[in-house]
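Residue numbering begins at 1 within each chain, and the chains themselves are lettered A, B, C and D in the order written.
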């Protein structure tokens, strides 16, 4: 009776907590963010077909293409000075992208270089080659002045230690570099870029160029922080990537926002209560506490404290940045920093709520069928894990084979992680067999067919055999045990009685 | 014996009913409808390659693109005034699209706007921004005159309460708005559109533009009702969608149509009989009646009454609209209204016949194998549902994780529903892993691999284990029970005897 | 002992027969055929990018596009009069496509029309519409002279009763029509086509146009028969399809061909022996004979007699056609007729050999494991079929739902058959969910998710449950029966002994 | 106790060996190789959009297209003489592709021809056709001088017997031919190619053209060897293929390379020890030795000896080639030869390490769950193989059906191997049903549906039934046997004790 009551109370509290958390998280993401991302990427990443195809951001393949993009589509996208019927748009000399998104301050362009002779040339080639620029590594970075040496774009500026490094396809780039901001008008920007191009601002040692800017859309109260990255690997050519983050940095504007704020406060209260509860539990149970997986899940919820702290920090930081921007419109405001942490915070919350949902399974086991099923899963867990180890030894053996044979030719196999992902996709049926076959006409098909036969036909079925067998056993066991359905009915009766009492 | 006879009679009657219903529904849809849709969407939605790519409807990305489409491909598609060898086509000043489809009346263009200052600008930005147009909501709608204020396109016209609201990607749009019709000739239309463009008919507050027109193809007696929608979200940019409905509004033209009409009458008779039967059953069984799932299926069939009522209404309404059109060719005839209901009616019938087919399973259980299989399915239903609940808790936890992490970047995760659909597609193997990985290089692969492992490798197999185990049990049970094959033989003998008697 | 010997002899004979048949069929198809098809379809079907995209065959969307294709890419492809360095190619006024494929005679263009007023116009529209051309049906065909009425292109020519009708997307077209051949030179052809275009050879009643020609490649001894079809449906617009058959009509040229000929003779002998054997069996066993599925398979082999007959007929017919062509180069030689039958013959042989392979399963059951497996399959066949009926009732209910709801919008659901194929593809994971969702935002996802859940998650697993259960039973049964491995060892000993005796 | 110790020692030694091998192989492949391949294929294989689409390598469809490619994109790609801001790049008259990749020597172009009248023309066509060039076979090769007969491009040069033949889509090409090298400057190259085009260097008998060149990137110490192949089949048209190998021919440059070298030496020592061990085992066990599959795996490792030998040979050969190149920059250095063997060597090592990983399964069987699972797999192996035979008879019967019916039209069925691969892909869900249906509207869907039903629904489930049943049996058996978990605990205790002793 007593036990039932506590279980009941726990369940009700947990559902309230979960509802609060769900409202909070759904308040964080809105479809507007997706649409804002989409229109921005349409504008900056896709080629405008009126000109030739090479000018799109994604088709940048060399240093020449970079300048073509920067002087063309980039500036066209950044400076919207006219309304569609040719009347002028500009108010107070600001650019409104798509007429709705205010460009905050100006855009910043930044490059990182490596020093000459950072790699050794084999004696044979000393005759032909004099310079050698290695891939980007922190040690090989060039920080000396170059070119005209007179302005910030020719001088190395080191960054504050807090700003996040950028993890590109080719390496981890530091946050300093040779940087400059574009002027406020389109015409001046074109001239500045042309000047830099003619004075060879991009050198053979240049390994990466970043283009950063931010916009604010007042209609939907969203910042859009855009980072376009062009890496120039040591192989020649160029690899592009882009990051467009739509974030809600000004949190409390509409009435709905205030409702969310109240949810956040509720959430804080819950977290405090949880901390106290868990602390009591730990003290009581000591080592025993850490044996239960459910308790580990509880501990996981405690990371939410960081989320709360970040929330407060973010609000402060935005106001500081905005004030700086208000005083001087020609400065580049570094919102990327905030957006990066905001996204990290969102991900943290997302993982949190995922485990919060999983925890519900702890409470659903009052029903016989449910218990039967969950005990099947927990009983076969050991066998499943045992088999998973065998499965993944073979899986990784195939992954390494794929990496060594196809790695230098096929994108899906170009790194070891990609091989693993690709093999999961083969199992699901999403696969490009032609490229494999074109790369190696003998090993390609052998790899594919043996993989499908052993992994898809044979090994995958072992999982099923294990589960099937365990289920039969569990079901046989349960038929002996008397049903606990009675208890659940009692529980519901209790709930209704409680509820009535509460109302009276 | 007696029971057998009634079962027999029921089965025969049911098969007749199902045949009648099938003929009816197959008469409703024809491949011509698909081809008509296809050629129309080819004409209006795909870019005509002779001009530049931006002019296609689907590539509209800003207000400027809209005018480019409206003045170019739209008018080219609407006004076919010449035969391919340059001889003139026009008879009585009408446009024949593809030489075969008569444009009914004229096209109508309609926009909806929102008021300025319908959202609050954060204090920081008062310096930079003055106007703020929120997303479209009924409350924020702008209904005041604007621009030249002299004609219908500058004045708000409210719509009749019956016409359906439009459910777009961004919201639910009312059916009123600032509307105008295009003139009968192409040259005048171009001038009208240019005039509107230069006078800024599309404002910053414009949130959606509808282009509506209808055609009639006498060769195959089909109306084609076309609605092109361009939404201008508060984020900037534009989102397009289109609805092309080919419907047969004039039902009784050919001999085949009259045959269908007779089927419809038969159907009505069946429905009346069913109503009486079910009424009797309900009176007899009272509460018991609603316990059987089959009886619920029977009740579902009764929604067909609405279908019959709609049929009559539709025939009347079309004749009224046609008469209005005959008296004045410069009017826009609102067939969209009818097409919308016709499509709803078709869907209702489609769901109806789906359940009618499922009901056949009630009658097939005369055979031992069949009984064995259907009792397997019904016996494991409880376990399946129990497990489905557990399955979907985990499934939804993943969906929410996906929504929060990828929602603002990847289209497949941009809404919570989309996340659910996407996860079903992952299970089937139809998935775009690259975009997930590009969005989040850490959580993307973790999400994907754990989802595949837990859901595809482990949980999905539980369904199988449940079914497998139940089947073994049922089969063991049936081996004890004496075969009922005898009865089915008797039944068939009865059928043949009956049939002979009937013939004599 | 005796039984073993006969089994042995039968098996050896059957393997010889199967080897002979395999050589024969692999001799029929060569990779050259595929490459010939590919280069031809590249030339005629894909747009030549130097001109604008509309000119490709597959992008024909109206009567104007047809003329643009015919006067452009078609004639460019047909008449190769120059070598790539501008020296002239033509020998004896013949065109060599890709310098290697001789154009046989000339190309023929043929159209079919329907009469005016072949459908009834609803009274409302008598005011707007005067003409009405129904879809193509044999009854509605127009066979009267039209236009200039002076030459074959303006006069109806009926076809010989033997030539096959053409089964297009819109109907079954007769083989007569208004036809003309292109002149031998490119310049004259252009003029002829322009003349026809200006005199409106294509009318509103035109429903289909066929372009036919054949080439011969002496390097690989293959004919290539090409038929390009443009259908003009009653909805307006155009639908294209193409048939390119590479066939080896001259069979006996190289030494390898003579080897194949000897195989063919061996095959004839086998067939004759089989016929006699089966005839004896039938006489002996009478009705009993038709009870065994293996015997039905044997009977199926007898259709090969038609193949032999066709072979002889084809050789005669080709020589007749070639002689006609030799006497007059300006005639169109109708190889399509032969290619059509050749392809039919190939398909017949293909199905034949498929069943011949399946028959091998009859002989592999000498091994215990094999017997166990094949008896599992045969024992669960009844249950599988029983369940397949239930499965397909639900499957077809879904197919009909899909057809009625999505049929008029989505190509994959545009006919009832397509719905069935599409649903199989959903099960395998090859599916385009977006189009379904765009068509119907409510029913689309419901259809998809319930289909996946019931069919993929639940019903599909029933097959497995049935097989699994039967296998357990069969295995349990076999453990009781003593092994027959002994016999198979004996058999192999016998084989080796026999073989030794044979050698001595 | 003693047994345990040896097992322990073996395991530790094996893990060290595997780690060494893994470091070695991961050192062989780097992501740079993939990026180098990618930028090179971007430059030479994809069309440069500024010009018209036909000029890309992959769209070559005739002899004229070949010259257009060779004179355009090929030379643009080969000769980078200017920096992006138009300052000149060239140092010492060398071309630096992408400013980073030194073109080694010059490019070589080579063709192979067949003789006229290498096939027989059927009597009917003697009137129309005089020449007949068969497909490329060694016997039909033309080795006589042609054209101007004065320089190497008009004279046949035979190749050294060691250089590998090229296995193209159409045949196996010898390594001799009519070859020439391009001059060092772009202008001269254009003139040379134009001269050859106007003098018809490509004849009707030309069957294949090879373009070969190599680059070296000092930044990452990689050679890139490129071979572009255009085959002109006897059917007309052209088929292109390309091979881009990024290989590290100069192995020992950086410190990391020296670390890898030490790994290589360790590997050699291991291999020597293994050889001795296995030799002893063979002597001891004699015939018994070859009965165990694990011993066969051990023997497989011995192929590594070839790898070591190749390694030494390669280092010598590169230095010889480099010296030749240093003495004369106008020569074509044949690195293709080395790259080909390097890739073969990589593949050999890859297969080796795959089996080395699989061998680990031998050692994991100390745990009860593991033993249970691996004994399940080994016990059902016989049944799986038995069933696989039955499965593949039906599978091949379908493959042959597909080949005969669709082989001449659909690329996925164009060879018998492709049919097999395609059918595996159907099972996984990666399939293009439309092309099958377009090829044969009757047999296409029948083939597809019966294949999916029998193979995917029925046969595939048999694998599962076999595994499932065996697993139940094995599990039942193991419940009787006492656990061996004790031993594994002992083992770990031993390990720790040993380790402690070692440290002291």
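Keep in mind that, in the parts below, a residue touches a chain if its C-beta (ideal position, glycine included) is under 8 Å from a C-beta of that chain, and two chains touch if they have at least 3 such contacts.
Just so it is clear, the model here is predicted, and its values are computed rather than measured.
Ranking all chains by how far their C-alpha centres lie from the centre of chain A, first place goes to C. Comparing the residue numbers each copy contributes, chain A and chain B share less than half of them at their mutual interface.
Over half of the residue-numbered contact pairs of B-C are shared by just one pair in B-D, A-C or A-D, which is A-D.
The rotation relating chain C to chain D, fitted on Cα atoms, amounts to 90°, rounded to the nearest 5.
Averaged C-alpha coordinates give centres for chain A and chain B that are 35 Å from one another. Each chain gets one centre point, the mean of its Cα atoms, and the points for chain B and chain D are 49 Å apart. Shared interface positions of chain C, i.e. residues touching 2 or more other chains, are given as 427-430, 464, 468. Within the complex formed with chain B, the residues of chain D that make contact are 428-430.
By the touch criterion given at the top, residues 52-54, 59, 61-64, 67, 119-122, 124-125, 127-130, 132-135, 170, 197-198, 200, 202, 204, 233-237, 239, 382-383, 386-387, 389-390, 393-394, 396-398, 400-401, 403-405, 407-409, 411, 414-416, 426-431, 433, 437-438, 440-441, 443, 445, 448-449, 452-453, 456-458, 461-462, 464-466, 468-469 of chain D touch chain C in their complex. In the complex of the two chains, the chain D residues touching chain A come out as 22, 25-26, 28-29, 31-39, 42-43, 48-50, 83-85, 87, 91-92, 94, 97-102, 167, 216-222, 241, 244-246, 250, 253-254, 319, 322-323, 326, 346-347, 349-351, 353-354, 357-358, 360-361, 364, 367, 369-370, 372-374, 376-377, 384, 388, 417, 420-421, 424-425, 427-430, 460, 463-464, 467-468, 470-472, 475.
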